[in-house]
Amino acid sequence: MNLSFLPYLLTATQQERPETTLDGFLFPVQGSEAAAQHDHVFMILMYVAGFFFLLINAATVYFSIKYRKSKSPEPPKSSSHNNTLEIVWTIIPTVLVAWLFYIGMDGYVQRRYAPEGSYEIKVTGQKWSWNFTYPNGIQHNELHAPMGENVRLIMDSRDVIHSVWIPEFRIKMDVVPGRYTETWFNATRAGEYPLKCAEYCGTEHSSMYAKVVIHDRPEFDQWMLENGNLLADLSPVEAGEKLFSIKSCVACHSTNGTPLVGPSMKNMFGSERKFTDGTTAVADENYIRESLLEPNAKVVEGFAPVMTTFQGLLKAEEMDAIIEYLKTVQ
Amino acid sequence: MSSDHHDSKLAHHFDDLEQQFDANKFGMWVFLLTEILFFSGLFVAYATYRSNHPDVFQYASQFLDTNLGAVNTAVLLLSSFTAAWAVRAVQLGQKNLVTTLLGITVLCACGFMAIKYMEYSHKYHEGLLWGNAEHSIFKENTADVASSVREHGHHWGDVKDLDPEFRRQTGIFFGIYFCLTGLHGIHVLLGIILMLWLMRRNMRGDFSPEKYDAVDCGALYWHLVDLIWIFLFPLLYLIS
Amino acid sequence: MNTHASSVNYLNHETGFKSWFMTLDHKRLGLMYMWSTFAAMLLGGSFALLLRFELFSPGKDLVSKDVYNHLFTLHGAVMIFLVIIPSIPAALGNFVLPLMLGAKDVAFPKINRLSYHLYLIGAVLLVLAILTGGLDTGWTFYTPYSTSTDTSVVIAVFGAFVIGFSSIFTGLNFIATIHKMRPPGMTWFKMPLLCWALYATSVIQILATPVLGIALLLIAAERIMGVGIFDPALGGDPVLFQHLFWFYSHPAVYVMILPAMGVLSELFSTYSRKHIFGYSFIAYSSIAIAIVSFIVWGHHLYVSGQSALVSIIFSALTYTVAIPSAIKVFNWVATMYKGSISFTTGMVSAMSVIWLFGIGGLTGLWMANLSTDMHLHDTYFVVSHFHFVMVGSALFSYLGGVHHWWPKMFGVMYDEAKGRFWTIVSFLGFNLTFLPQFLMGTRGMPRRYFDYHPQYEYLNKISTIGAAMIGLAVFMIFWNLWRSLKTGKKASPNPWGAATLEWQCASPPTPHNFDEAPAVGDPYDMSLIQFKSDEEGYLPINPCEHDPLICKVESTEA
């Protein structure tokens, strides 16, 4: 195995992992209209499957006690074929599975495609973070949405296949590079939920999550206002600090000296960087810029070339702000 | 046939030659089914991309040399004929004729490969390769195309003004073209080895009108290789 | 290997490495497959234990994230390609099929040997991949991850490709054997049900495996030359790979479960001492499953972006698989009715499978369902579902079958009490391991996760304890079998009283199986076989003494 991975992977420090809120024994709370439909079908399946499971196992246990060898040393003559019986236990499952298929399909078509006029959020997956682009151009690493409205997610990936899963909403859809996929929800209760990556995507697969926040409409508008204009409202360093977290840089780069998947940013600016190809360079503004746009052109020694480019995900001013912020991380 | 004469031609686990012949031929048919499914994955890829981008396939197909393809089709058909004739000849016990016919089959197969080589090397020089090949003129970004290819590729002028997405898909066409014909070519090479082995066994006197299942199975394999080409030729060369 | 057998048999008539490695004898090849799958099972099982111990608590316990990703990939690849797929078809099938047909060997012994050698080459390639960079793609090799990771994908892919051809050649051999080498008098509907199951399995092997082969070759072509068919950066389609992959890998699930169902039919009938119930329905349902298995692969792609209409069609087709599976289960249970049931290790395994396949099969209803799969896809619910089918059903049947035919293979009896005890322990451990995983899935834990929220901790802890139990029990089952080779009592030709032909030859069989052509009859009519205590086994009784009517009928038929 490639041992150059090991040193930084052995240190596991993560942001706090989002919790799925349970409701009862089986499921997370029902956070959307689709969740109620899912749980309904789930329970029907549970009763049908449970009945047949108990039936065959009860029969097995009963027969094995009643006809055990000590009790029934010579098998009594009995038929080994009964067409009526065979036809009965062919037809009953046939009818049942046809019905089960139907109730599964019934709600599926509605859950698959969003109604017209939905609020649209663009979702971009990349190793190992999520980015949400709102209709007004705001980009954020949290999914904020208004309660009681249809929200359509249009998704694609910048590298490998990921999958968006929000357990409370019972929706899941793969996020595929080179094409758009879509899913949608209508949240029925305000609160914070986790969004998890459900398609294996490499080292940090299990830490690729995002926070989903459902507000009522006024609160949502307020959030939009506060986050819409980071650069105008805050100083570049403050905005940079926020962007460093919003753009999920923190998922791989710490600011306290601990190496994660990528090197820590502490004391990075102005230091001499050693690269895997043996060359060195002093970290200046251009170095950071290049690292954001062409991350694998220069890879710091001891790390793997796994970062995906932020080309197109950062405006020039945002990049300036991040650079200003990184200068202060000492 | 009776099982009295347990001769050296009969493997120990069969009762008689007839059962052995039946089993061998049946096994060969089953193997051919496997072969068809083996190619089918590529045919599915072909069908998917062609139905998504019919215009790309029509455009890209013109870069293939229909004349060479047609000659190759004729060559393979001839070789299939001689292979079938060889089976008839071995049934009639014409040992020398079998050798000659198998020899012609091998020569045809070699001729096929020679023409294939001409086509491949021509495509390589012209840069008519899949998009990621170093030598390809179908790269998404025209700036990435090697300058040597740009100078020598006769088709460069036609290709460079295409829409980048169209160019990328043309690269996919050539990816499928090389995979399909390459896999078929490997089967032709295996067929050549098989035919040479049959020739050697025939000259050694292993076959007789009663026992010729190896020749029969070899010919069946060769017909399949021929058949796949019969599909490949129109699907790749004759799109218009 | 066996000190009891004094006469010449297939184990002792030749000795030395070469006599085994280059053998054409289906029985020796079957045994070598069996030992190979056992060794691979220990390897894949230790990967599983490492995974479970890593998941004992949240965060890092034992291995790093990348090592974890390598481990679950290799656990899957080893268990599927090196253990389950060759387990019943190649190991038991090779040993038993020709004997059941009263034949001297399979139709193509040389191809049979080639299959085994290809299997070994594939195994070596997989090990080579582990040593030269590992493999972290998951056993599914999904593009574009598999075409972009820097682990040894090409070597591993060639390994799987070669093993695929091993599987194809085994299937080809069995189909030709069943078609052309049945003895006179054995019509299709007088074949033992294991033969039907192996036939259906072989059809899948020869038709589905080549598609996997080409998909894997394309991954190699993609990595070596950048052909681009699956690469979105070059205009290719990564989901096409998933279609090609599952066109093989879904039928491959039936390559694992169909022969297990065949073994179960033999076990239930033999140990209930009763004719199998609904023979023709079980036989036809095997064929039905094989056919339907080819048209259900799209249920792996409900959330991959395939259109709603396509998903609906695949869901409907998938549900039809439930019908033949249910028919089989009902018939097995009906076979026990009015039987004379002895709780041998084989029977205890078979009864465990009723429970385990009950859960594994019925949870398939959730996976096939369009509404519920959207929530459950790629979660621990799926992990648990397919372990119930592939381990709980296929491997428990395999071990049941190994115990059943062990006396025939080696001419010795294993220790029944110990075999039964450890089988029950492994059954309990299995439930302890995988039942909590259903809950993890419905509650929101995705599969292939290195780390999880503490809310899933107690479920993971139970699961890990169960896994340790399985590990111990499987080890003890192997140990019990191994010890029987040295200390086991000599086995009679027919210790269980089964009526299929393999019990008519000696235990262990002579190199050519049958000294005289076996008498073909109804493979499940056990009324003419009775226990003789001085033989410590069953012997056929004179049918005329038993029932003069039969003699009359037979003489008129002749």
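A, B and C are the chain letters, set down in written order, and residue numbers restart from 1 in every chain.
Quick note on the criterion: a residue touches a chain if its C-beta (ideal position, glycine included) is under 8 Å from a C-beta of that chain, and two chains touch if they have at least 3 such contacts.
Quick caveat: nothing in here was measured; it's all calculated off a predicted structure.
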Show me the overlap between the contact partners of subunit B and those of subunit C.
none
Taking the mean of all protein CA atoms as the centre, name the chain whose own CA mean is closest to it.
C
Between subunit B and subunit C, what is the gap in Å from one C-alpha centre to the other?
36
Chain centres from averaged Cα atoms put subunit A and subunit B apart, in whole Å, by 46
Taking each chain's mean CA coordinate, subunit A and subunit C are separated, in whole Å, by 34
Flagged in subunit C as touching 2+ other chains are 235-237
If we count contacts the way the header does, which residues on subunit A are in touch with subunit C in the complex?
1-2, 5-6, 9-10, 12, 14, 17-20, 22, 25-28, 37-38, 41-42, 45, 48-49, 52-53, 56-57, 59-60, 63-64, 67-69, 72-76, 78, 80-82, 85-86, 89-90, 93-94, 97-98, 100-101, 103-109, 111-113, 159-161, 163, 165, 167, 170-174, 176-179, 181, 194, 196-207, 304
Sort out for me which residues of subunit B touch subunit C in the complex.
11-14, 19, 22-24, 26-27, 30-31, 33-35, 37-42, 44-45, 48-49, 130-133, 140, 165, 168-169, 171-172, 175-176, 178-179, 183
In the complex, subunit C residues that touch subunit A
58-60, 64-67, 69-70, 130, 133-134, 136, 138, 142, 144-145, 148-151, 232-233, 235-239, 272-281, 303-305, 308, 311-312, 315-316, 319-320, 322-323, 326-327, 329-331, 333-343, 351, 354-355, 358-359, 362-363, 365-366, 368-375, 377-379, 439, 442-444, 446-453, 455, 524
Interfacial residue positions of subunit C with respect to subunit B in the complex
98, 103-109, 111, 168, 172-173, 175-177, 179-181, 206-211, 213-215, 217-218, 221, 225-229, 231, 234-237, 240, 243-244, 247, 512
